[in-house]
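See structure below.
Labels for the chains are A, B and C, by order of writing; each one numbers its residues from 1.
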């Protein structure tokens, strides 16, 4: 029992022991100043950078967003091919809806009344021919519109090209019209509805702010200075805010980014959490490296004639794709990250000692005296025996 | 040589030196208790929060996901405009496929047999007129359907509106039918196929789990309690799980989020890694701020008549867009993050001393005695000379 | 005043005090070796892992990307249903454009000239009937194509099925053609244009590198070894790079991922920042669990006959959806993360002492001597009184 007791006592004693490092206090102007200066720098860093700038006392959540868009606008065009024609949303937004993105056609090349039959290929170097020998039946040219039949036929009075089995007549224009057909797309508007959620904080909001009423919404147009919270954007404004020229961009098309940023400090009132809109061009427009510029794609409208033969209208659509991207981070005070950052800051204060010790024991005049006071020595015999024979 | 030798020796000696702080061991119940308590708190935090909750011993990878969806269902409608009509997938899913999303039309306003010609504008305040003077040729109203011709014509026996060049007749209904046309969309089902990969761990899985066979898949419907792993969802269930009313939502449309969460601990058997489905409404439905509610868009089906004139059927489609979002993080034991977290935990233990020292040297009765033992002093002469003249 | 002065003096003195721990220097080969070894390990870790591998001295930014795609290729098919037919981009890419993704139809089941009327349901177990009693008017089968009328009619000479009101005739093929109709899609090419931005560093680049000129772009095809920077990809190559068989995949369809990785060290010349392309199959193709394989969807082309009756061609499209995913992180030297990592590294050096102390005071022969030198004791009376009665 006595032994068990002593065991218990020593455990007890061990449990109530507290180890604290013995400290040498140096009272010196120089050393003290260095010490305090480094301490101030680190405390300023911890408070200024971690706490104020990075808001280290907050728990954060990433954004959950849903975007819907609705374009409005009417364009009237008058071309030799199509005659007088009106264009509305159902005509120029293709496809009619997608997530986080919408495409507005600004220019087009139309090829009407195509049917599956034979016709001369569009003339370009590799398919120009002088006799049937230059064409090989069944050959599919990578830049062609169909399968060669092996005949050489007149494309026009002066040019002969290989005949192809294809949707005929083939598309012949290679460059889009300039000025663009739908130049008035500049005045189209788009209503962007964006709902965001920070699920960790049970916070949700949308970009149609509570103070916006129906009559304001019916007439407002976004403007950075006068109407920064109107969710209706004029397409021309979006492009010009990104320092681009709409009419130039409309010819070959392009990709614009609409960035909506919701950085919210939820320790502040909810009404301070408002979206910020910025716009930038996403595709390249470097004039020095202008290989394959713009944005276009082909689609077709299919018809059936009275004789049940399928015809189609092929449209090469040039236009601007607007990608809506929603960014954001919300922060709210929370105990755990606060303690973590305070802990990390205190741990960093330990670095002060390392730096100061180095300064004091290397550069100070009285470094030998400090050393003597700071260090005690235990010399291991083995090592000494080597050194002192 | 002797000097070189001594240099070498001192380098040797320096290399084999080990600095350990001198420690004052205080044996006191109070101090010890404070010390152990703070130590326990920090160790508990490191083990409990970092290791168990945050799984700090695991290396993590973010998810790579692919989603395909397939809606099934037939609806029968009977309206004065369209007559008896059957609707299948190709009719109500627009566009037929997109990445991570699908749209199901639940309500619609149809305007049939539109052609490009002149007709009276739909009557609303700004285009009502009494004579031609009220209309200006070439004017495009932002809320209108076409370009005004400058004439004032009869819209009906009682109302006169400005004539427009547009797709005529223009859409006249402003509110969608209630109850919704495709009310039975509630019973449509969608099969969601989701394959995920954690490439760092060479792990891949799909939401059609290995134990699901063809016959189960042919008949199951997802249910949180009875069929939590069936990848076929009834649209009505998705909406009601989010505490929404399908029939109400179907009138004006909306956006639903289908969240698939794959949080996998790959230290456990693979079969424990299963998806969790949650549903929520993403667009705003705040009744107090119900400006521009719901989700709709316009699209058209184009036809050509026997006289080669293009006509179209304009459809204003109201419906629910379902955005499938896949979240997930996988963790697996790895040496590097384990050591990092142990290191950070040990570094945090250094904070114990700072706190205990503060407690001991500020609040304890015997603080003067402790201080005497802990501190030695070196006074710099300069400072003393100022203080003691 | 005298007191105020002394207060001020003590504050001054306090301000210029510097605390440095008193240190016991142990000169021992064993202890020193252990110490240096652990120090070297930690320094190597900090330098090797944090600085070199993780580039801890760099500030990082995440990528902002825009992708546009353009598929090229012509296919000629000859089937009993459709006759000789040519397919171009407008025919097989559905929908014509989406963000970050494109779908190429490789196989299809066509059902032509459907109208809204009555016809026998496609024969499968549940709707086969022998008399009208087996069919119930108004019933919508979940796997059916329409609403049952209650009649039992001849589907063929041998099979009788329930009559349905539906888009008739109903789709009858259940399995897609093998080999696939558009087998030659293997030779289609796609031009992927990808512009990326690192806005924090005002850096932008696109995957058509500056050294690529128009003539190279007109003829090149991506190849990992010979043309690693050509942005034009042969679909067959994409699939085979992912170790899949295009012709097999084309039958039922699937989902392919095209990963573009832009990991850029912006401390190096800009021309070193080039995209890396990898390809992998994203949907599951596990032969053991082949429930609901592939990828397909239905869409329709709508026509109006001379009698103004709407007919449609229903197409069940099987094909490959290519999801383009852009990843990337850019780093550039910055002072703040460098200092943070050095600080964290130094803090980690404190762990050395903890480990060494443990080794020295537990395993060394002379541990008692070391302990005597390292520790001083202050015994609290209360505790002693308990122990020594």
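The definition used in the following text is that a contact is a pair of C-beta atoms (placed from the backbone, for glycine too) under 8 Å apart; a residue touches a chain by one contact, two chains touch by 3 or more.
Computed from a predicted structure; not experimentally measured.
Taking shared numbers over all numbers used, the chain B to chain C interface scores under half, which places it in the different class. Its C-alpha atoms fitted onto chain C, chain A is found rotated by 120°, rounded in steps of 5. Centroid to centroid, with C-alpha atoms defining each point, chain B and chain C lie 16 Å apart.
In chain C, the residues that reach two or more other chains under the touch definition are 13, 16, 19, 21-29, 31, 95, 98-99, 303, 306, 347, 350, 370, 373, 375-376, 383. Every residue of chain C that touches chain A in the complex is listed here, in rising order: 13, 15-31, 64-66, 68, 70, 72-74, 76, 84-86, 88-91, 93, 95-99, 189, 191, 193, 195, 197, 204, 206, 208, 210, 212-214, 217-218, 301, 303, 305-306, 311, 336, 343, 346-347, 349-350, 366, 369-370, 373, 375-376, 383, 386-387. The touching residues of chain B, counted against chain A in their complex, run 9, 13, 16, 19, 21-29, 31-36, 49, 94-95, 98-101, 103, 116, 140, 142-147, 165-167, 255, 257, 280, 282-284, 286, 288-289, 291-292, 295-300, 302-304, 306, 312, 314, 317, 321, 323, 325, 347-348, 350-351, 353-354, 356-357, 360, 370, 373-380, 382-384.
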